[in-house]
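Provided herewith is a single structure, encoded as structure tokens, for subsequent inquiry.
Going in written order, the chains are labelled A, B, C, D, E and F, and every chain counts its residues from 1.
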Amino acid sequence: MVDTALALQNILTPPVLFFFLGVLAVLLGSDLEIPAPLPKLFSLYLLLAIGFTGGVQLERSGLSLTVLLSVGAAVLMASVIPLYSFLILRTRLDIYNSAAIAAAYGSTSAVTYITAESFLRVLELPYDGFMVAALALMESPAIIVGLLLVRLLGRSSRKPGQEKVGLGAVLHEAFLNSSVFLLIGSLLVGFLVAQQGPTGVQKLELFTDKLFYGVLTFFLLDMGLVAARRLNELRRAGPFLIGFAVLMPLINAALAIGLAAVLGMSQGTALLFAVLCAGSSYIAVPAAMRMTVPEANPSLYISTGLGLTFPFNIIVGIPLYLQVIKTVIPAS
Amino acid sequence: MVDTALALQNILTPPVLFFFLGVLAVLLGSDLEIPAPLPKLFSLYLLLAIGFTGGVQLERSGLSLTVLLSVGAAVLMASVIPLYSFLILRTRLDIYNSAAIAAAYGSTSAVTYITAESFLRVLELPYDGFMVAALALMESPAIIVGLLLVRLLGRSSRKPGQEKVGLGAVLHEAFLNSSVFLLIGSLLVGFLVAQQGPTGVQKLELFTDKLFYGVLTFFLLDMGLVAARRLNELRRAGPFLIGFAVLMPLINAALAIGLAAVLGMSQGTALLFAVLCAGSSYIAVPAAMRMTVPEANPSLYISTGLGLTFPFNIIVGIPLYLQVIKTVIPAS
Amino acid sequence: MVDTALALQNILTPPVLFFFLGVLAVLLGSDLEIPAPLPKLFSLYLLLAIGFTGGVQLERSGLSLTVLLSVGAAVLMASVIPLYSFLILRTRLDIYNSAAIAAAYGSTSAVTYITAESFLRVLELPYDGFMVAALALMESPAIIVGLLLVRLLGRSSRKPGQEKVGLGAVLHEAFLNSSVFLLIGSLLVGFLVAQQGPTGVQKLELFTDKLFYGVLTFFLLDMGLVAARRLNELRRAGPFLIGFAVLMPLINAALAIGLAAVLGMSQGTALLFAVLCAGSSYIAVPAAMRMTVPEANPSLYISTGLGLTFPFNIIVGIPLYLQVIKTVIPAS
Amino acid sequence: MNRVDVILSERELERLTSVIDSSGAPGYSVARHITGRGAHGLVASESLEVTGLGTNVHVIIFCEEPVAEALRTALRPLLAYYGGVAFVSTCEPI
Amino acid sequence: MNRVDVILSERELERLTSVIDSSGAPGYSVARHITGRGAHGLVASESLEVTGLGTNVHVIIFCEEPVAEALRTALRPLLAYYGGVAFVSTCEPI
Amino acid sequence: MNRVDVILSERELERLTSVIDSSGAPGYSVARHITGRGAHGLVASESLEVTGLGTNVHVIIFCEEPVAEALRTALRPLLAYYGGVAFVSTCEPI
């Protein structure tokens, strides 16, 4: 039985309600839009802010065993999820599309993570801020596993004379992609600044903290517009992919919660970990896949993640995973 | 006799001074500009913030008789103003331009409303925050009355073979126009969030409150640039329209103040109501008129509102209406 | 011996670290970018905020002799620096390029000034906020001196039939350039608002104060991207210009510190004055030079200032000048 | 092959793309934030951004001649009602 | 009919549009934020946004041949002094 | 003279400009934020801004015929691998 109060508490927050407003705007045919490059401003801000805050938290907690275990578990999941996702997808799709979608589900969704973090703050449930390091480190392994799948199983189809994308270019894309770079960079900056004492952190916190919820709200309004426009494409993708987009986060979150219990994560941290595994990347992975697997159809790997898995996690997933976690992991 | 202290108190605020700075930049030929789509960012923010805050206030005051009467009076004025405006305009202009300008004056100016609200906060005069609902609901009736005027009196001129814009499309434009939609949507979100208790509201208020005055200041700098560029066009429009653009807000505000006194509004609320009636829409109405009355000249209905009525209300109107209100309505 | 602690204290602040992050992004080939017109939003905000705050400070300190002396000294330096810079540059470059680069070094860099101000706030060293008036007034004399140099020494080369740019157009550019105009305008607004009492100032301070450090951080991230992209061009400019770009700020700062000591400025104010003289303009001067000296190569006068002098001042200059100042001017 | 350039208000973009889609064109490209002057006066960025009228779009369609012909028929009433201009020239795929 | 394409720095846009206006052209369209490379080096978005020099504009004028001829005469000194390029091709109204 | 129009994803812009540079073209101009539809589906502003895939660019090169010929050879594999279109037409300098 789903805890309706908890679900409502998540849905009736400004970010999620504005997400619905965006979806509604598209469904009703309003001309509401947030013109480019304003969404970019919001996403740059959000990445910088969570990176910085994560770095500060990392410095505070130190590079302890807990940190290493949590981040290690995230990297492991980012490498394993693409493998079993690929096997499932191959029952219906070709190698290229299977590998690209698998990589997207191995990696994670920064906005889902941020929304979950905001939700925890509203509930005043404690969590480990350093999990943002896991967020930053999940993109790269998923991209690399996705690429290896294509290289090992699909290489022969490449026609001679066609451009060849080297492993170097892929690793470059995996680690220097603007989102990954800004996230890791801000994390390091936060770490260094926190080492100097509290003044530097406090000065920037006015910016990274106070604005955060508002920018997130604006960004989710935009994501509502974007996700709703993707819904149509998804309908064309057929029931197999629709089912995949809803079941996959459930499976990944279930595994993640089990692992979190074994590793002794707190309830809050376990939610973040579950959400990291349940999310599908639409930031770094698509750009990398487009370059390395141009045979795959971007509308497939973007639409499943953005049109369905993302709203599913935001609306149903976050409160659901937390409810499960509360029955599995004791409150600390 | 105008209360100079009050007028100065309005003029010497950052938003109004930056408005002048924008006007000055154009008059002196500076290359200052706020490039697209930055003004859009500001207007989206302002609409979202006043909608949200209005919704919170609406929830706090409840859907009382006062609320219904105030909003009803606004809708009434939005329907009646276009009728007498049309009669005045028809003495000099054709049916199409008359109807389009009439609709603009029936509706209202969100920025004028916001500036008046800011002014009240500086003076610490209380007002009913739910008046923002009236702001949201005045666009649609004005658009519909404007359209009916054209349909009833001007239809015959449409040439065969030309595209026909149905009533559905007009209603769509009247209610789903991005500004109206965002305003009403944010109002509903604010209402729903406020029902959940104070935490959600407080979290977003850091964003909707603290930034508000600054963004308004920036936006008025841009409006100064925009209004000054419209002044030239207005000169070409001739003395009749110039007179109309200054007298109309006075007439509408006078009627509004009378109605406010009858309905027992407080001084602050009466000012908001007067400003709503005195303003001319340059947000939702132009877009609707362009679609339904392409025969009308946009530079006429935009320039009168933006180039003259808007600055007139900001600079002269707001303190003037408040002074009149203070002699008509007793302080509460 | 350089005070490493002081240098580190400057480098390990968020703005400077994000500047490095931007440089690193370019060097590593990340696709990180802050798309236009977002940097414009940041620079408009920063100019408005420092202008407004400076105006408030100016009103508080009154138009005293100290103010007039400080601003006068800045205008003097802005007129003299181009003269000796021109003599140095003429040993290797033609008249046009020499005059354009000389004008850039006579004027100053708003971002360097802002970073120095932030640094003083972190150190809690008092300084005179009215120095922002000097910042605003240094662009115009440098532009005019640069132009006179070209007119007096280089005019003959202009071919007949070519467009002639009058002195009026140059003065227009010198005083109505968007950055200078916004800075001076915001200064006046701040002055006027402060005269009305503290309420107006406080209302806008939430915006001009609290966001400031964050926006500066974002802007320096962008400046890091921009400066690093200029490094390549600079390499092509050869060792003479590279040496010039590093030695010139040192010479100018040394002169400025001497003058500051003579005029009895406090340590904090002296740092601002030194930074004003050490900086090279890449905002108002390039636009003016492009119009009046199209024979000069923009990549030369922009790259030296932006690619080398700017980062040099940010990273090495600010802490170095302060250290020298501390040995020359007693703490107050 | 033909190249068709259409410039009109962004408020009609959706109408235009559905006309293009049904003309059988193999694709199109859209540039937004176009300002300009035409029979209906000046379209300047600042004020149209604020009024919600928006600016113009410039749409380019590379297509075979019959498609351009179909576009011509479908575009004319749109341009006649809402304003805007369209021109055809010739080109070759690279 | 003719199509004239002009690309130059946005700082000269006002000069250009007044030249176009006095040439008798029925209209023009402007795309901003154009970057590129030409005889005067690279025009890249990031740095020119910051320096206040701005980027380029791409202005298109559809006009009759005599107007294009008038434009040619008026444009040349402008392009010679400030830089920029302009090309003419032929087209037909749709 | 020739005018070459290339439209492809902004992620390939650097590859494209280095191809143009080595073709010997005297310059080029780039318009960003181009959306559209082609063989690889719809490129719409909102979602591509969010996904990091970005939108398209429209690059124009005015050049002599031999340069256009060199461009043709160098562009084809690029367009074949990553998608995008390119067309050539004729024009005259003003």
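Operating definition for what follows: contacts are C-beta pairs under 8 Å (C-beta built on N, C-alpha and C of every residue); 3 or more make two chains touch, one makes a residue touch a chain.
Please read these numbers as outputs of a predicted model, since none were measured by experiment.
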Contact steps required, at the very least, to link chain A with chain C come to 1
In terms of mean CA position, the chain most removed from chain D is C
Relative to chain E, largest Cα-centroid distance belongs to chain A
Rounded to the nearest Å, the gap between Cα centres of chain C and chain D is 45
Between the Cα centroids of chain B and chain D the separation in whole angstrom comes to 32
Listed in rising order, chain A residues that touch 2 or more other chains are 31, 33-37, 40-41, 177-178, 210-211
Contacts with two or more other chains occur in chain F at residues 11, 31-33, 45, 89
Counting only contacts in the complex, chain B reaches chain C at residues 9, 12-14, 17-18, 21, 24-25, 28-38, 41, 122, 210-211, 213-215, 217-218, 221
Touching chain A in the complex, chain F uses residues 9, 11, 33, 40-42, 44-47, 49-53, 55, 77-78, 80-83
As the complex stands, chain C meets chain E at residues 33-37, 39-40, 43, 161-163, 177-179, 222-223, 225-226, 229-230, 282-284, 286-287, 290-291, 294, 297-299, 302, 306
So, in the complex, the side of chain D touching chain F is made of residues 1, 3, 17, 21, 26-33, 60, 62, 89-94
Chain B contacts chain A in the complex at 36-37, 40-41, 44-45, 48, 52, 172, 176-178, 181-182, 185-186, 189, 192-193, 195-196, 199-200, 203-204, 206-208, 210-211
